[in-house]
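Both of the next two complexes hold chain A, though its partner changes from chain B to chain C.
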Partner chain A sequence: MKHQRIIALAWKEWREIIRDRLFFALAFIVPTMLMLLFGFGLTLDVENLPFAVVDHDRSAASRDYTYRFISSRYFDFKGQAGDERQLDTLLADNRIRLALVIPPRFGERLARGEAAPVQVLIDGTFPMRAQTTQGYVAAINSAVSLDNMAGALSAGRGIPLAEAQARVQPVKLEVRYLYNQSVKSIWSLAPKLIMLIMMLSPPFLTALGVVREKESGSIFNIYSSTVSPGEFLIGKLAPYVAISFTNGLILWALAVGLYGTPFKGDPAFFALALLLYVVCTTGLGLVISMLVQTQVAAMIVASIVSIIPAVLYSGMLLPLSSLAPGASAIAHALPPMYFTNIVVGSFLKGVGWQALWADMLVLTAYAVGLFGLGYLLFSKRPSA
Partner chain B sequence: MNTPTSPAIRVEGFAKRYGKRLAADGLSLTVQQGEIYGLVGADGSGKSSLMKAVAGVLAFDAGTVEVFGTRVDSARSAERVKQRIGFLPQGLGLNLYPDLSIEENVDFFGRLRGVAAAELAERKRQLLEMTRLDAFRGRPMRQLSGGMKQKLGLVCTLIHEPDLVILDEPTTGVDPVSRRDFWAILGKLLEEKGITALVSTAYLDEADRFHRVSLFHEGKVMGEGTPAELVAQVPGTVALFRAEPQAEALLRLKAAFPQTEAMGPWLRVFAEGLDAAGARETVGNALTGILPTDWFAREPELEDVFVAMLRQRGAQLESAFSAGSHMPAGATDLAIEARGLTRIFGDFRAADAVSFTVPQGEIFGLLGANGAGKTTVIKMLTGILKPSSGEGRVAGADMRSAGRAIKERIGYMSQAFSLYHDLSVVENIRLYAGIYGLDERQARLRSDWVIGMAGLAGFENDAAGRLPMGLRQRLALGCALVHEPRVLFLDEPTSGVDPIGRRMFWDILFHLSRREGVAILVTTHYMSEAEHCDHLALMYAGRVVADASPEAMKAGIAAESGQLVELRVDHPVPAQAALRAAGFASATLHGRSVHLLSRDAATDLRRLPGLLAEAGITVHSADLRPLSMEDVFVHRITALEAADRRAS
Partner chain C sequence: MNGIFSGAGLRRLRVMTHKELLQLFRDVALMVFFLYAFTGDIYIAASGVSMQLKNAAIATLDGDHSLASRELASRFQPPYFQAAGSAGTPRQAIRHLDDAEVMAVLDIPPRFGERLSRGEQVAVQLQVDTSNSVLGFLASSYGAQIVGRYGLEVAALREGLSSGGIAGPVIQADTRIWYNPNQNDAWFMGISEMLTVITLFAILLPAAAMVREKERGTIEQLMVTPLSAFQILFPKVIAMTLVILAGTAIALFGVLGPCFNLPMRGNLVLFFLITALYVFTTAGLGLLAATVARNLAQVGMLTVVILMPMLLLSGAWTPIEAMPEWMRILAWASPLHYFLDAAYGILLKGVGMALLWQPVLAMGLLGVVVFGAGMGRFGRQFG
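Let's look at the complex of A and B:
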């Protein structure tokens, strides 16, 4: 190993990345941009659902009922509609996601102690959002029913309202969400986005960086010189690892600063884990670059082998426990899952070495394995 | 250490296969230390595979390769000689880093090769000075001209002072002036440092730059030796004369002499095995009644010999055209007329008042370096680009306002042979027939015509991408001709094609022009091809600076600067220096010879050997040589460049 050669290679690579507009953007702009796009665009919270009401009753009771929805932070009241036909247009145009239709004599029936139906129309195009919406509606509706019942009980028996409420609902749930107290999806999403973006960007950069030398023919400068494969790989890849690691830190700062995600873990541990993960994903890019001959092929292969594991088999969108056994096995065979454990643990749970040493070990094995494979696949005297 | 007499490279029975394709088939050659050894052959003839194997960057299938006595047969053994080798892969400037400056490129190569800082600085200074790149040290490589990229590639290859340099087609895609400059620098450097060189080229006329050459064809070596030895392998005479009617004379001669070509209004015959008198008699007999005029007999050139060798091995040079000519009506009208064509991009005049005319039935050559404005002129004449001023008329119509009907009278074939590589030969022809709106019956007729004309019978259903270069080129020509255009534009049509393929191509062009009256405008920087044209226009910096027949251009140079003298000497580099000191600024290195222009050739031939003897140089022979188009080009352009430098 001659460090002079390694430095020469790394220096050359760095200048090329800085000066080539495409590479510059890929290296320094795309990761941050992805963080912003996904962070603001991929929120899974169901809040401020626009809705409208058709009130055929126009009684105090129907106004009360409607008001319960209007005052909820989950709903955004868009106004009264004249009739059901108007609702169709509003739903079809995506101006509302939900509509309540209160029938005539709604108040009258309640007063008489009869059951009063209310029709709820929910936009079902996104099943998950529709189900959540239905849950909110059911919760508000049952709260209204309980209040009505308690009111009737208190008035009928002459007991205080609080006691009547306790009678009506003897068991009361006290829920506390751990690690993410207000169940904000961005708190959970932002750390996982670091995992996702650090899975996409380094393989792309690395694979393109190596393959473009193959495509242009400048790789022959390496082949025909006495640089050893080890020196070449270290010198060539060091800038990519350094750039990606820096990007990881920038994403960490965005998660904490911009999205307000709490970071409860050990920064030094997290930095080490990030470095390990970046070495892993750079190694993935290296292996891809050894197997393909053109930049187009490198891009296609890199996007397949990085996006799918990072999105589907990492625990980003779905918890791993909900995967089928086969899918779970795949998830365990790929690095993103392990780094997801580390980011979630470091950000939200505040755990470190003790809880996550096994994940660190697996990432280390990956880093060594991928670089080993890249080293073996690299030949200075190929047969084509 | 090796003794100075042990060979630098020894190759025995070398074979290399890519999938099913055999790229090199039992090649053998030996390169002595200090030699400039040339591999000459077309694209795909196996040159690159051999060079990469010698450089230790390609594994091969059979044979032995030895470099400085070390067998290069594994990655490990290859490492042992790599520090002594400099390798420049094929592709102009492609192995350089476009975003780095000249200096940064050189520094990177130096550090990669472990050159110490002080030494690196000194060598860099020397090499950049010699290649006249030192004024542009900070300029990014992507902004360099072809000639500068080529020289920078050479500097980077030499920065670690290798004992052997391997240069794969360093002159391809570079204009003749830069090419000549490159050879001069290379020759000087190699001589000074005692470096051995293995250099490949696709230009046969560059063979005389080498001490010894191997002629490559389809993965085999056709012959090895000094250029003179190779030429001597197939004795004969080249006869150059006029005979009218030319087309008829050509047909009659072809029967007796397969190596007959039309060069503008001239006919050129290689009479194998005959001396000058014998050639005259046999040609006279073959012409049966047509009388040759303006007769010249010359020594054959390497290309004549190479083609003869290929014929001996079974290559066919038959013409697809038979007797019975008819010139269509109006055949002598003006086909192309450029009148003051000017195109300005920003403050850059890509074409500057370009004027010339091409009558029907003429082959017109547009010559010039890259960026001289050739392509801009073609684009304006085909109606792709609007001129800033002036006008281009094709078949009598102004191309700015020409309708489809006019455009359909034009055929165009580009450098890249715009074929669809995954479509078969017939599918390609049918596609172009469809584009030009031929009906089913016409399409079938023209398709048959193209296949017959281009010699594609038997290849009808092969994918175009898998055809050999020569066939692919003729298919592209066929596609450009499918709608029977009256005017044909060819943009650098013959790069990378072997000599047989080139001859067949020019044979077709000749027949198109003479028999069918098609006007043909060709751009090329293959100077040997310019000789086939009836008329030439030489472009420089957007202007036409010379407009004459090839003969007239040569005569102009001879009258202005003298005749070409070739001196074969024992030490060419000091000989060149001595001649320059004696006032022959035109003295250039050609392998073991020096060429110069002499105003008083008879006197100089007598006195120069004595003059060189005073400098301790022995002259083996001193002869007059015919001027080539390359000499004309280099002479004219160098003079213009010098004038530009004085002006600025």
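Let's look at the complex of A and C:
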């Protein structure tokens, strides 16, 4: 292998990239734009859930109960509905996601110290949202129940309300949220966005760059030259790795500077991990480009191999622990999952080599494996 | 120039559509992935992903070892939790959490049972790994329900409000989940994945087909034929729409129906009509991108710029209601936003045009505007 040839090839590729101004600009604009768009827009918080109430009771108690939901920031009151049939339409039309039906004699039952039934209807189209909604409703219901019990106890025994409250709630739960103490989505999201975006853009860039030569036929210049396959691959990919690594650093700066995500880990360790990951995703683009003949196919394959696993199987939106064998196999077979561990560890947990060495090892093996595969697939004497 | 829909015009459209289909089918790697996307990929997404808290490992730091503390710890059970035994020391507990071996640690203080029986209020702590904030929320929410219920039972027994169980002026919620009562994630994920794949192909295929002609120079050949701009552009969209509709049918009747018992409650003809309209609209976006790009590499990057925001901000994966105001306005410009309402509406909720006319109309208008803009730009570039 000659350094000179590699440098010449890398320089040629670099010139080609920067001459295509739109492509060059997009290579940097795309990651930053995605980071801004998703950072501000993609929230996993389930908030402002539109809901309606059918109040058959119309008592002070039912109004108080409704008001608990109205005053919560998780719910967005859309008004009273006349009857249950109206709720059908509202739910079917996506105008509300939740409905409460308060039956007659709701207040009367509570006043007599009896349990009062309430019907809760939840739009189950999006199961995750439905579950979260159920959690909110249960929390409000148990708060109302506790207050009622305390009120009844205090009136019945003639003890102060505060004491009654302590008595009906003998066990208090204090929840400590670790790694992300405010449960604010953006803190857990921003680091993972680096993973997602660095999975999307490098394979695209690389796959297109290599297949472009195949499709336009300029690859025959390489075939007939003295350049060896290894030299070609390294020289060809170096500019894409450099662009993507720079992008990764920009995204890191955005995560820390713009979104205020705390970075507790070791910057040098993270930079190394980022470089490894970028080499992996660039290598993925390389392998794709070896397998297909046209740029259209390269784009389709790159997006199916990168976008979908990066979003679904990387632990970004969905818990890895609940993946079924098929999806879990895909998750383990691709680099995003391991890099997710690294970004989450570096940003939120402040752990380093000691906890993450295994993930680093996998990424390294992955990078080597992909380049090896690319090397094997690249033939200077293609049969076709 | 011939009228667009005169006999000759129609024949030209047919011949050009045929040419596009031929070109598509000859790219074997592309067709293999096309089939995979509409079958295997959707199958894996639908069968493999569950967004619910299932068997989250929870370790206990029991400083009490009394009957009461064991009773409380034992209530953290499947389906939501899975006991992972004792956490050992507090430092070990933190390490378990650091290594993501457990998701939560329940910390019960010494003399828990004793203080409870004396009528004191005792605090227990739940440490939750919220690296994944949705799961973290669910874990703490279920934890609060379990502890709350245990507390109420203890209180009820102690205060003599009842003998075991809970009575008193409490709210008894009867919760019903509509459209997907068993919270089957496969339905949601399967449809969501299908819509994603449709969107991907609807943008990429026409855009790529267009730019390929530009890049290879075959567009010049087309320009010297009597074909109008419309007769060159539209067949690409027809061909891609046909292929994507076929893929959708395979996904729906070959994967989602037989493997996951997707209910398909509404009118399927309507669903396919709306899908065709959606593909047309989205293809317009792709063609617009193609008029901006000069080569396929640019199209690739532009596609990401269009596709990712469309997917992630349409409400498929995250709720639109919680987004900031300006994002919600952006979401209205995304055809996927309307298609999502229509697809879930027809397949899961069984609604018809009476409720769907608004999203469909919005999608149609968007399609006309976008397609018109694309045609206009194309005409100026090559007219």
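By our rule, the second predicted complex is superposed on the first by the 333 of 384 C-alpha atoms of A that agree within 3 Å, B and C clash if a C-alpha of one lies under 4 Å from a C-alpha of the other, contacts with A are read in each partner's own complex, and residues count from 1 in each chain.
Everything that follows uses one rule, which is that a residue touches a chain if its C-beta (ideal position, glycine included) is under 8 Å from a C-beta of that chain, and two chains touch if they have at least 3 such contacts.
Quick caveat: nothing in here was measured; it's all calculated off a predicted structure.
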- Message: Touch test for A:227: chain B only (first), chain C only (second), both, or neither?
- Response: first
- Message: On the A-aligned overlay, A:379 touches which partner chain: chain B = first, chain C = second, or both, or neither?
- Response: first
- Query: Does the superposition put A:15 against chain B (first), chain C (second), both, or neither?
  - Reply: first
- Which partner does A:206 reach: the first (chain B), the second (chain C), both, or neither? neither
- Query: Where does A:314 make contact in the superposed view: on chain B (first), on chain C (second), on both, or on neither?
  - Reply: neither
- Spot which of chain B and chain C makes contact with more residues of chain A, would you? C
- Message: Looking at A:129 after the superposition, I want to know if it touches chain B, chain C, both of them or none. Which is it: first, second, both, neither?
- Response: second
- Query: Is A:282 touching the first partner chain B, the second partner chain C, both, or neither of them?
  - Reply: neither
- Message: With both complexes superposed on chain A, which partner does A:176 reach: first (chain B), second (chain C), both or neither?
- Response: second
- Message: Quick one: is A:154 in contact with chain B, with chain C, with both, or with neither? Answer first, second, both or neither.
- Response: neither
- Note on the structure: Going through chain A, the residues touched by chain B and also by chain C turn out to be 20
- Would you pull the chain A residues touching chain B in the complex into a rising list? 2, 4-5, 7-9, 11-12, 15-16, 19-20, 216-218, 220-227, 379-384
- Task: State the interface residues of chain B toward chain A in the complex, per the touch definition above.
- Result: 18, 52, 55-60, 74-75, 78-79, 82-83, 85-87, 89-91, 94-97, 99-100, 104, 107-109, 111-114, 140, 156
- Going by the contact rule at the top, pick out the chain C residues touching chain A in the complex. 27, 29-30, 33-34, 36-37, 41, 43-45, 47-56, 72, 97-100, 103, 116, 119-138, 140-145, 147-152, 154-155, 158-159, 161, 166-181, 183-185, 188, 193, 196, 200-201, 204-205, 208-209, 212, 292-305, 307-309, 311-313, 317-319, 321-324, 327, 330, 341, 344-345, 348-349, 351, 355
